[in-house]
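These notes open a run of structures that come right after.
Two complexes are shown next, each including subunit A; its partner changes from subunit B in the first to subunit C in the second.
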Partner chain A sequence: MNAIRPTETSAARPFQAPMPATWWLKKPSYVLFMMRELSSVFVAAYSVVLLVLLHRLSQGPEAFEAFRSGLKSWFSIALHLVVLAFALLHTFTWFNAAPQSMSVRLGEKKVPPHLIAVLHYCAWIMVSIAVYWLLTRPAAP
Partner chain B sequence: MQKSPEPFFWSLFAAGGTLAAFLTPILVMLTGVAWPLGWAPARTMEHASLHRLVSHPAGKFVLLVFISLTLCHWAHRFRFALFDLGISGGRRTIGFLCYGLAIAGTLAAVLVLWKS
Partner chain C sequence: MVDERAMGDETIRLDVHRYHPERDQRPHIQSFDVPYHEDWVVLDALNHLKNEVDGTLTFRWSCRMGVCGSCGMMVNGEPKLTCATFLRDYWPQAIRVEPLANFPVERDLVNRIDDFMTKLSAVKPWLIPSKTKPSETGEFLQTPAQLASYKQFSMCINCLLCYAACPVVGLSPQFLGPAAIALAKRYNNDSRDAGRREREEVVNTHHGEWDCTFVGECSVVCPKDVDPAGAIQQMKLDSMLSWYRRWLTPWQGRG
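Moving on to the complex of A and B:
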């Protein structure tokens, strides 16, 4: 007889009201968390732009010129500025969380957490300079 | 006991997140803001110079890894953001769609770089 047996769920778990999808709007720290998660969308969107750039590049100088002139529109520059803002949010939150996700030891001593973050920022500046140099250097003679 | 695939997906997420943290800001700034506004040298976006970079095996490798892992980073983070927003059904479908798109992007990058 199934009817007289209490169902497992009703006996074991108290009622839990479902969270509304807007729960993260309640606190600034929740909003920042959601923006951090959302940054991945913009990071991926740029990788798709890069993919299109490479595709147009492979089609030859004329196709690339058409793509390149599109980048000069105000619409494109505004979109890239939004992407840049989210990319920077990703970088800052990623490096600030780095001490929590990695524990570095030098011999007996543990490297202080803030030093790990600082080293990430230093490395980031050096990598950015290297990429800038690589992409803007004069053509080889 | 069946092994969970999550540590594998998490490692792709972490690798992609690290690459994006180091490289995405300077690339967006250079190609999407500084060059269009004339702040960067004109040769930055010249077909010949970029072609030289892309035709080098190391250039191809870095670009492929960057595109693929940043897409995997997105797949993982976006999947869990949807769950955090309260989507309870279709978790498997969402997973397949997210990682499917990341794999599709990777294959597209392989094809494009192969031709370059």
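Moving on to the complex of A and C:
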């Protein structure tokens, strides 16, 4: 007998295997989850690159040109491809998960989850078009 | 529909997790050959083993139709209700049957789930009456829309597949877990309930909803489509809005 569970005999010996550090390699969905979490590191790190770009811009045309030609190096292109892959993973996984976080009800009916995800993608495309236009419009005379 | 592959005397191998603490230092796997039937589920195979082969095989089950939540186990590493998992979806490959992950094993395929029972009661899963509408004023009327706002979260059968699927439950044992938080959401959303603030003390905490990192596997394995992951993320939003209200309109009190 013990005080916590009066009916338990001394023969009871619950066993629990410890969770290994490689737990996330056991299932594809866990791997995807870890990659999704890792993607935010790359997204945040790239904001540092954008800050450096702004800083170089403020330092004048020579500094900015030096930074810009540095971006053309193979290392920079490879880095950008990796960051792009993670940024896209970040976008797709979070847009697809958004409907679960948002329960929008109209009376009894729930707004279809697919519609919520599609609206996210549409907003993304519209904002991208606006940013592209902003960056490529002819300079003011 | 007859499975042309099965001629009537086929077998399927079950690799079963065995652990008798009075004689075993550690768990081990024991393999059995079980008659293969097209319409058998894993629970049928386990009952065959217990009746015909080894009466000491220990496991929980009850309704055998997917409503009681007793027969949850790991089948080939995935949390499943063994009464709803068909041998034909695995045959002729072997099937590995183990107790649910993230819980201590009492014996063979039986988990010790006391920890979950404590967490479940901690969220106060009952209607907490409003002081402004005591029972003397009459019964509650609830529209279909009000029912719809919590009905999905009320379908939980406490089978614990979600706890077995959630890596946070394994990594952070104090985490309240998907089913408990989904049940808290069920009562918070119920128009008859006024207990949100009381539940917030337990759920809006580090080991409550905020331990969740939205892996989402709980909702994937749920046999009743409760979507606990959705419930938890919506609870996070509720807690956030509650916090803003408290700071922007402190004269209204919490919640």
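Worth pointing out:
Definition applied: the second predicted complex is superposed on the first by the 118 of 141 C-alpha atoms of A that agree within 3 Å, B and C clash if a C-alpha of one lies under 4 Å from a C-alpha of the other, contacts with A are read in each partner's own complex, and residues count from 1 in each chain.
Please note the rule applied: a contact is a pair of C-beta atoms (placed from the backbone, for glycine too) under 8 Å apart; a residue touches a chain by one contact, two chains touch by 3 or more.
Because the structure is predicted, anything quoted here is derived from the model rather than measured.
In the overlay built on the shared chain, the residue A:Ala123 is in contact with subunit B alone; subunit C does not reach it. Of the two partner chains placed by superposition, A:Leu115 touches none, neither subunit B nor subunit C. In the superposition on chain A, contact is made by A:Leu57 with subunit B only, not with subunit C.
In the superposition on chain A, contact is made by A:Met19 with both subunit B and subunit C. Set against each other, subunit B and subunit C differ in how many residues of subunit A they touch, and the higher count belongs to B.
Contact with neither subunit B nor subunit C is seen for A:Val31 once the two complexes are overlaid on the shared chain.
In the superposition on chain A, A:Ala66 contacts neither subunit B nor subunit C. In the superposition on chain A, A:Ser47 makes contact with subunit B only, not with subunit C. Counting contacts as defined above, subunit A residues 19, 23-24, 37, 101 meet subunit B in one complex and subunit C in the other.
Listing the residues of subunit B that touch subunit A in their complex gives 14, 17-18, 20-33, 35-37, 40-41, 43-45, 47-54, 63, 66-67, 70-71, 73-74, 77-78, 80-81, 84-86, 105, 108-109, 112-113, 115-116. Contacts from subunit A toward subunit C in the complex involve residues 5, 11-16, 19, 23-24, 26-27, 29-30, 33, 37, 97, 100-103, 105, 107-110.
Within the complex formed with subunit B, the residues of subunit A that make contact are 18-21, 23-24, 34, 37-38, 40-41, 43-44, 46-51, 53-55, 57-58, 60-61, 64-65, 68, 71-72, 76-77, 79-81, 83-84, 87-88, 90-91, 94-95, 101, 120, 123-124, 127-128, 131-132, 134-136, 138-139.
Interface residues of subunit C, counted against subunit A in their complex, comprise 19, 21-22, 26-27, 77, 102-106, 112, 114, 144-145, 148-149, 167, 170-171, 213-217, 219-220, 227, 229-230, 233-234, 236-237.
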